[in-house]
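Labels run A, B, C and D following the written order; every chain starts at residue 1.
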Amino acid sequence: MAFFNNRELLQELGFGTKNYKTRVRFLNTDGSVNVKRSGLGLLRNLDVFHWLISTTAFKLNLVILIWYIFINSFFACTYFLIGPEHFGGLDVPVGSTFRELSALFFFSAQTITTLGYGHVYPIGELASTAASIESLLGLLSFAVATGVLYGRFSRPKAHILYSDSLLIAPYKEGKAIMFRLVNKKQSELIESEVKVNVTFTNAASNKREFYSLRLEIEKINFLPFSWTIVHPLNDESPIAGYSFKDYESLDFEFLVLFKAINDTVSQNVYSRFSYKPEQIIDQAKFLPMDQKVDKKGRVVIDVNDVNKFQKLN
Amino acid sequence: MAFFNNRELLQELGFGTKNYKTRVRFLNTDGSVNVKRSGLGLLRNLDVFHWLISTTAFKLNLVILIWYIFINSFFACTYFLIGPEHFGGLDVPVGSTFRELSALFFFSAQTITTLGYGHVYPIGELASTAASIESLLGLLSFAVATGVLYGRFSRPKAHILYSDSLLIAPYKEGKAIMFRLVNKKQSELIESEVKVNVTFTNAASNKREFYSLRLEIEKINFLPFSWTIVHPLNDESPIAGYSFKDYESLDFEFLVLFKAINDTVSQNVYSRFSYKPEQIIDQAKFLPMDQKVDKKGRVVIDVNDVNKFQKLN
Amino acid sequence: MAFFNNRELLQELGFGTKNYKTRVRFLNTDGSVNVKRSGLGLLRNLDVFHWLISTTAFKLNLVILIWYIFINSFFACTYFLIGPEHFGGLDVPVGSTFRELSALFFFSAQTITTLGYGHVYPIGELASTAASIESLLGLLSFAVATGVLYGRFSRPKAHILYSDSLLIAPYKEGKAIMFRLVNKKQSELIESEVKVNVTFTNAASNKREFYSLRLEIEKINFLPFSWTIVHPLNDESPIAGYSFKDYESLDFEFLVLFKAINDTVSQNVYSRFSYKPEQIIDQAKFLPMDQKVDKKGRVVIDVNDVNKFQKLN
Amino acid sequence: MAFFNNRELLQELGFGTKNYKTRVRFLNTDGSVNVKRSGLGLLRNLDVFHWLISTTAFKLNLVILIWYIFINSFFACTYFLIGPEHFGGLDVPVGSTFRELSALFFFSAQTITTLGYGHVYPIGELASTAASIESLLGLLSFAVATGVLYGRFSRPKAHILYSDSLLIAPYKEGKAIMFRLVNKKQSELIESEVKVNVTFTNAASNKREFYSLRLEIEKINFLPFSWTIVHPLNDESPIAGYSFKDYESLDFEFLVLFKAINDTVSQNVYSRFSYKPEQIIDQAKFLPMDQKVDKKGRVVIDVNDVNKFQKLN
């Protein structure tokens, strides 16, 4: 990616320049793009696997539990319709519907998990067929669960903590846009790359414009400590002519695209972040992160230090 | 990929130039290449895993069900040949072949799923050996099923909706070939790239020729809305000299190759599409896709709008 | 990979130039490198997962069966040492060692597969502990089996059929080295690339030399039919000065490196092949592969046609 | 990666130049970066999957065993609180708390593994509910175990054995830094690449400086034998002016970054290594590795030969 002329309009970002009548946020704080796609009907729009592997652990467990209760209730009813007399060892008073349903519910649970204690067992073709289908369904469901859990665990993610604020800091003879990031996790990220784009409303045309920003360093081999990303506000910068006040009035947004290789799984990982004017601080500089050495001789850092900065007068 | 001279014949597509006596479609509408390879015998040509992870969910479920019925029938017969007297708890009238086979079928189902209620159980070496083998087979089968289901779910796909039509639309002072595409799913695609090639019959040599088409934008960072791919029909275009009518008579086909990174699984995804003359509309232009803002502040689009265009007179 | 000067010695292949006192084959016919590494002791040299996912299906099944018999025999003996009286429902004559061992073997099989009919069951702490450990071991073993089977199925491979012979064929005004390859499977290969290197003994220095060969086309987008790889034997070729007879006396080997993307799983796949002098045919040319059109309108090819060539007088 | 001016300070390594008051080791001998990140609380800092797939087999087995004993103890207590009278077939003397807990512990083990012999079984809603939850938990746990085991096996690693020492050896008319590496495993590594960086304390500024070193060969296609990496100490080298004694006093560290493609799984693999002054030997040269030919015609090497060198006087 060469930047032969970075004052040129950036068309490659994909957000388009029109249709933005109000203030917008292009990237959410979690890095997701602020767009919802509809039009295919609920089922076809739903990307089940995507949801299952990217939702929270709490919601996933809830879904599994609800599914487990639902499927056992369904089969308990099915078995009840077939007739409780087709199940040996039920050992409940005849005619006690609730007790029968309850016993069949637990028989179902023992069948779908392929537990099969056997103190309750199906008698006759119909009950046996239903139980056969349930145990097959159970195995396939848990095959899906295995896939989902593995997909969640092995899904390569970049656990990047960005500084809450983007600073306009002194740099050489002038100023520079600066922000910091740090790897939150113990697994190493290698060959990390950052691209920063800026978008704002062109006051004259009233259209959105996008520019890429030239960075002091775009790629580093390791990310052991924090990495301060620096865009010098010199003559070559496409935003050199805009003051801190313009950031608010022209609805600036700094879009950060991060890419690295997770060393544990040897896969590419991506992260995104964006800074809106309320997150930008003029006349400030980052403070170095503390580094202690522990008993094992390792350099210990506190990732929260990524936010340590100092206001300049 | 540089296009130093894009009027030069493209040899790198791999389709060859000979042997096309009749009209052909190189890419099917689902993006697959229109070729069948034979000659290795049925079994060696069959790519079982490829079929299992790319077939429809309905066919896969059918195959699993048929396999389940077949394998249980097979073992029911095996157990019957060993002798129903070698199974405890069968509890069917002696000599009732159908009832015995049926009971052994369900015993087999309880064995292969490792359910093992135990109200029926094998007696003696032969029956026990058969049951041992069946339960091992069952575990291995469900290991395969787990792999297949995970392979299906985790298989990286680009869910791209292409506009049904390719338009010849006004562009700057001249005309351009244009089509649109949109991401159907909620998982983001990043670093999307498109290449467009054209093939037609050279009227003089009666051979197939392939050219790559220079695009206005070849790569975008995000694909939140639709992306209109534009090939200007200027002097540099290899198809500048051909009119809309030639497209039909020379059996034109526009081959679209799409590549992106699926952000959820951090993997490359590919999609292909092709336009034949009956899908090409002269003198038309695409209309902008509607953008609403929902309660959560997200921009909502209808992916079907990718097809909205207007005929120009 | 630029070829600024392809008459220069190629050092990047990694085979080294010394220590070749006799005739050697660098690549085996299956593409593996003809080297065995030792020195770490049997266990540490053994790459179990590599072996399990790359061995033949027959050997894998044999290993599973042997493991199944071994582990059940081991636990049968363990249970026997604990004492057959600690197992309920054994139902064999007391003192009949073989019958007891046999029954415990099948109890073990029912335990390790988590089948658990329950007509035999452990009594007391010792027997129960052993059975608990066995069922845990069983689950972990089948977790490994699931991983191995998925690893085998999902392992990206390039199923390339190379022509048995490399031809020295007429090409433009001169000659060229040519061979053909075809995709054996129905899953598409995209962005296929080939590199060809040659190695032979320098008669003067008696050392091995390696050169890369410039190809007519190095990369193609699709591989629907066969691909004929062509190295023109013109003045720029590093082997232009050698005749067909020299190939034998200088122990030539043509090393073919193939790389593509498997479209089904969106992963890179690799294949290698090599041609020794006995596989090289002078004065011959490949014949076109037959193309039929089946009822579905697909072009059908026979992959064995990759070997069809004609001797020229 | 071009090296237009490799005497220029290298900023891209990511280690920073400040804050190094004492002697440090940047890379550990196992290639991990010598940094510990804290500040998110124990749970959020913990990367469980990363730990599970990268810890030793012994620790993983221990964790599984401890989990198994813990979870069964937990459910044994739960069942005991529900009341031993709610379990059929317990068959222990009433009031014998230990015997009851022990029997419930094994019932729990039979439930969580979905073994379910059934000689002990739950009676009533409460006991059945607890057992249903345990069997669901069991299946999910073993789904996780399957994922972890597959993740461990399939995790692409470069099993590289580096020479213990880095030599300052004669090279052409001058000297060169040399070290060797070899692939320990039988699975092939292709397209291997090496980058070598050096870091030392600038005596004048007392800051850490990083430079990349130009190598004789940076990339090789195969790695069948050993690969000797050579950095000539000529005028262009950033460390040409430093003597062997300076290495110690300026706290030199040579950082080796290795990258290749594992041919079995077609994935990128990485390895790192570093040499500190105590591992550097002046005036020595590597000896060729022995190559024998076994009965199958394979060239056999001993990977330990990677360390064979000769002191020069």
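What we mean here is this: a contact is a pair of C-beta atoms (placed from the backbone, for glycine too) under 8 Å apart; a residue touches a chain by one contact, two chains touch by 3 or more.
These figures come from a predicted structure and were not determined experimentally.
Asker: With chain centres defined as mean CA positions, report which chain is farthest from chain C.
Answerer: Of all chains, A has its centre farthest from that of chain C.
Asker: Could you classify the chain A-chain B contact as same or different, where same means more than half of all interface residue numbers appear on both copies?
Answerer: different
Asker: Using Cα averages as centroids, what's the distance between chain A and chain B in whole Å?
Answerer: Their C-alpha centroids are separated by 26 Å.
Asker: Please compute the C-alpha centroid of chain A, do the same for chain C, then give the distance between them in whole Å.
Answerer: 37
Asker: Two or more other chains in contact with one residue: find those residues in chain D.
Answerer: Correct list: 114-118, 146, 150.
Asker: Using the touch definition up top, name the residues of chain C that touch chain A in the complex.
Answerer: Counting only chain C, the residues touching chain A are 114, 116-118, 146.
Asker: If you look only at chain C, which of its residues touch chain B in the complex?
Answerer: These residues of chain C touch chain B: 64, 68, 72, 91, 102-103, 106, 109-110, 113-119, 142, 145-146, 149-150, 153-154, 159, 182-188, 190, 192, 217, 219-225, 227, 261, 263-266, 288, 291, 293-294, 297-305.
Asker: Hey, which residues of chain D end up touching chain A in the complex?
Answerer: 11-16, 18-19, 22, 24-25, 32-40, 44-45, 47, 49-50, 53-54, 88, 111, 114-118, 121-123, 125, 128-129, 131-132, 135-136, 138-140, 143-144, 146-148, 150-151, 155-156, 197, 257, 267-270
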